[in-house]
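Remarks on the structure that follows.
Letters are used for the chains, namely A, B, C, D, E and F, taken in the order the chains are written, and counting of residues starts over at 1 for each.
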Amino acid sequence: MSGIVVRNIRRADTGVIAALERLGVATAHEAQGRTGLLQPYIRPLWRGARIAGSAVTALCHPGDNWMIHVAVEVVKPGDVLVVACSSECTDGAFGALLATSIRARGAKGVVLDFGCRDANELTQMAFPVWSRAISAKGTVKASVGSVNAPVVCAGAYVVPGDVVVADDDGVVIVPRLEAPTVAKAARAREEKETGTRARLENGELGLDIYDMRKALAEKGLRYLDGPVD
Amino acid sequence: MSGIVVRNIRRADTGVIAALERLGVATAHEAQGRTGLLQPYIRPLWRGARIAGSAVTALCHPGDNWMIHVAVEVVKPGDVLVVACSSECTDGAFGALLATSIRARGAKGVVLDFGCRDANELTQMAFPVWSRAISAKGTVKASVGSVNAPVVCAGAYVVPGDVVVADDDGVVIVPRLEAPTVAKAARAREEKETGTRARLENGELGLDIYDMRKALAEKGLRYLDGPVD
Amino acid sequence: MSGIVVRNIRRADTGVIAALERLGVATAHEAQGRTGLLQPYIRPLWRGARIAGSAVTALCHPGDNWMIHVAVEVVKPGDVLVVACSSECTDGAFGALLATSIRARGAKGVVLDFGCRDANELTQMAFPVWSRAISAKGTVKASVGSVNAPVVCAGAYVVPGDVVVADDDGVVIVPRLEAPTVAKAARAREEKETGTRARLENGELGLDIYDMRKALAEKGLRYLDGPVD
Amino acid sequence: MSGIVVRNIRRADTGVIAALERLGVATAHEAQGRTGLLQPYIRPLWRGARIAGSAVTALCHPGDNWMIHVAVEVVKPGDVLVVACSSECTDGAFGALLATSIRARGAKGVVLDFGCRDANELTQMAFPVWSRAISAKGTVKASVGSVNAPVVCAGAYVVPGDVVVADDDGVVIVPRLEAPTVAKAARAREEKETGTRARLENGELGLDIYDMRKALAEKGLRYLDGPVD
Amino acid sequence: MSGIVVRNIRRADTGVIAALERLGVATAHEAQGRTGLLQPYIRPLWRGARIAGSAVTALCHPGDNWMIHVAVEVVKPGDVLVVACSSECTDGAFGALLATSIRARGAKGVVLDFGCRDANELTQMAFPVWSRAISAKGTVKASVGSVNAPVVCAGAYVVPGDVVVADDDGVVIVPRLEAPTVAKAARAREEKETGTRARLENGELGLDIYDMRKALAEKGLRYLDGPVD
Amino acid sequence: MSGIVVRNIRRADTGVIAALERLGVATAHEAQGRTGLLQPYIRPLWRGARIAGSAVTALCHPGDNWMIHVAVEVVKPGDVLVVACSSECTDGAFGALLATSIRARGAKGVVLDFGCRDANELTQMAFPVWSRAISAKGTVKASVGSVNAPVVCAGAYVVPGDVVVADDDGVVIVPRLEAPTVAKAARAREEKETGTRARLENGELGLDIYDMRKALAEKGLRYLDGPVD
């Protein structure tokens, strides 16, 4: 589906998106069976942002950011732009002008399998960006790709309208139709962890809380008093 | 030109250097036709520095920082030391003592195709360093290289006296004789961007401001209303 | 020694550990003959921590953090957990719950040849973590490794009870029996550097302080007045 | 869709598969609009193999090859097994015993986002393998993944039954429903290239055959007679 | 133990070494509990060599191969030289002259955490070399390291006299005192695999031979008939 | 100098080029003071080629091979095309059609800081190619770069007309004006090595031939009889 722009997409429920935003990447990822993560080379430009939104996707080509300009027009308030590349590229495909523009259209942030630039200014704008590099290398506007076609971005499959959750731990994609279930499972996980945390703070061991001792012995783990020389 | 130290070099005009410092890496890089960038693996030790100065170059060998000691003597106030390596090396060739010394001689900062160390102290000194790694690994003083010979540093060709511009976006080299032209073009670019930014903040689209719609259609980009399943 | 947990290990003297903590990674590394460094891909999660402690070691398998849970039980106050992996893996083997637990048992920090997750929360807890990546990718508890057996972690050989020193420059291992000697040599080095620093601040040159000019000439280094065109 | 094995899948027409096998990766990739390639770190174990077949997919976890054993049962003669991993791993998940087994079931080859081992024996067997590494590192059978669920393998999205084409240039995925169209376009491309090749062999220039001179001039390319000093 | 050369080391029994050579890397690695492998970036210069011998170790510094010259003197017929580096370096530390020399002293091959050069000539000599790169970059003879001290080479801990096994799958270290046990276990593993291979060739499934079906069901693996759309 | 094609360049003497071709990369590199090497990630597509010729340079952009088509026209018999990229890219910028064309114009081979494709066919043509990857990924013809301007290719500075020497050890650039001196020094080095080789084959040690024992002792190297436990 190259050469196509899809103007309208289905989005997830805003309440579900808000819940996933609050729960964050690690919890959402666990809650959907440890799937959907972008590779860890995708890092936030600055620490402390946490966002979730509906994915608007763009497929660009190496050294070329033309489709980002096209994507800005179809972004709706609350969306997160996800930019894939047809091969590996660290060029600075996104900077302060595009951030100004896409923020004006309501986007909450951008995830790029490219580099970004204007790092200082983007940070001062507090505009959330996740990218594979910071690079001043400019890009051209010469090759047509797609907007709102499914893409593979940093190892994850992203369908437009999927929920993108991004924070200091990275980026996870929650498929739109599974988002309500995942949000529910994530909340349950969060509650359970709260209780566990209190016990761990008191010095109880995960070995006991999670009942691991028997399984470890069955796998053959042996204890020596030591020291061993 | 190994085994040579050149004591005196030609430098660019200080007004031009000051202009490039204010304009920054991304703008200068664009203004000189998207050339001269060091590869993006060169990163600032700490965020927020922006400097420009005349390049004093050193060519060292892997695991060896001897020529940095030699270079300190020929640095003049306002210069930026650019350290290349004859093959890939992340060892910590530059730390707090060298920073103390080269700052005392007037250098504004250092760019290294090596690692740096004493990261915490260098940051507290607010001494600007761009490097490929942070590594405590010490280096020897055993092999002679060169100072103020042309070098390739992180993929860029650097002639002594070229202008080095460095900030959070990375490092760009502006050839000395082209620096006035580049500074002028960069200022023009900056002014134009100021106007564009205001329009983008108001929600105008880059598609219209840059007049891209016709070219996109000619390249075959098609719009679908969607959603597509 | 897979499948083994050693409960008790010999530890270095607490005074020696305190001295190494104050002196830091770069100085300790130099003082022991430039050995014992973990590779520089191991980075602190947040800048500014400096710790030293006795190494408790865990050997895990890719995608599996079970042995960290086992290690928590044998950690003593002041220890540093060092987690090796039997092959390369960036999965998030350590997060906020494990940090809560191991801090409750007295550990000063954790060094991982894995990724960590809950980056934001770990930073707010000010719990010191050095890792090769930040990744939300969850791990399983399925394969038995070892606790308190010698390991290779990020290129360094670590025997349980060795002193781990970690700061913004990375991580260095000081063998337990050599720790007093290294601490002494590091203090001597520190004192000498203090004197050198004052001279460098006054503009004296390393070339003269370290008496390098004769050796450089013997190696054939030649000075040209320049400029060269 | 973790924890699922789908026994039966739809496959492409065998004539179409045979055509794509003959045409090879580069031609098929161009014919479908330069999409569907696995990243170039996936390399053949030995040079000279060229295969195409229907994708049977397996999703494994790092350090674990259990799902390959499960996949062997559902492979049909002529299929190609595509093994993805839930995070990056170079362990040797596939060796001579598995090759013996899957060849006995009729598979034509295997594509792995893992390492392979028994490199010498696999080569002597002339069993076609594409992998990201050669590594003797053994794997466990502890975690359940999936067989014949859609996967992302080395950056490409693979639906079971898609056509996998693999040769010395790498691996490309042709979606099942598009395979007849792609095969047709690839044949057309091949014919055209045959004619072009003859002209190029005679010394005609691509500049003229592809009529590039006008476009180059419009983009501002200028010719100097030279030499330039 | 820097600055030390140990002339004489204990070696493993030649019969045990011969057995491990015949069995190869993957089998030996499995037989000793999946430990001792060098990282897979260490590759053979040419395919088809398989050797085993007693490790003579050298620790060099980046860009410096002096200790290889020192090591040649202490090599005994049948040994394998293992060269570690104090930080990462791909320089060509070993070429045809050193190969001529060390072969004249009886060495069976060389393993380098460096690059090698004279690739064509080394291949024609059929001298077995495993290295991390091929690079013509020359090295100096300036810094003292060690010979026959324990080293970490490409992630594995190597004590002089340990058995080095190397083939197309990579390199594994078998500790000297464990070598007889490992060789015995490896032979047992080989015999068992011969039987398994015959059954797999007949189309029997690993699922049945290894009795995996029950464990898979317990872990929750479910089968669908499919196709799934 | 972007947007420029220089039709005519100065070339080195053909006798000098022939001498450097015979001597090969490692010897030429040593003879010119260990400079001029391309980074070792540039590898030959097939083993056994050794060429030298005058550099014709092209600067392309990521994902774009247009300037290769332009360069074909200005290549003269005996030249070697050197293709640089304005940022990192592994796309397959060169394949069998371009090889057919450039061979018809007399080029001896191609060096690419890109990927190549049609690997099997290029190998069967025995056309010499050095590249950073093999990738079927196609490229566009959209952005103008330069032909016969100086470039940085894989870390080496290349001026058109410099001598490119390439073999299994990689690629080295010998500046045109220095080529006669380098060829002479390389021949001297070769003769000396022939003598050394004979002595090494007889079991003499480099320690003695190169007279290293005194320098080693002065640097503090100590011999122990061993074994050490």
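For this structure, a couple of remarks:
In this text, a contact is a pair of C-beta atoms (placed from the backbone, for glycine too) under 8 Å apart; a residue touches a chain by one contact, two chains touch by 3 or more.
Only a predicted model underlies this, so the values are computations on that prediction, with no experimental measurement involved.
Considering the contact criterion stated above, the chains in touch with chain A and with chain B alike are C, F.
Two copies of one chain, chain B and chain C, touch each other, and the residues they use overlap weakly: the shared fraction of interface numbers falls below half. Between A-D and C-D, more C-beta contact pairs join the chains of C-D. Rounded to a whole number, the gap between the C-alpha centres of chain C and chain E is 27 angstrom. In whole angstrom, the spacing between the mean C-alpha positions of chain E and chain F is 30. Inter-chain centre distance (chain C to chain F, centres taken as mean C-alpha positions): 40 Å. Touching two or more other chains at once are residues 3, 34, 37, 86-88, 90, 135, 137, 143 of chain F. Taken as a graph of touching chains, this assembly fits none of the simple shapes: it is neither a line, a ring, a star nor a complete graph.
All chain pairs that touch, listed by label, are A-B, A-C, A-D, A-F, B-C, B-E, B-F, C-D, C-E, D-E, D-F, E-F. The touching residues of chain C, when paired with chain E in their complex, are 2-3, 33-35, 37, 39, 86-88, 150, 152, 155-157.
For chain D in complex with chain E, the touching residues are 3-10, 66, 69-70, 72-73, 90, 92, 95-98, 100-101, 104-105, 115, 117-120, 123, 133-138, 141, 143-144, 148, 160-161. Residue ranges of chain E in contact with chain D, taken from their complex: 24-26, 29-30, 34, 37, 40, 43, 47-48, 50, 167-170, 172, 193, 196-197, 200-203, 205-207, 210, 212, 215-216, 219-228.
Against chain B, the residues of chain E that register as touching in their complex are 61-64, 86-91, 135, 137, 140, 142-143.
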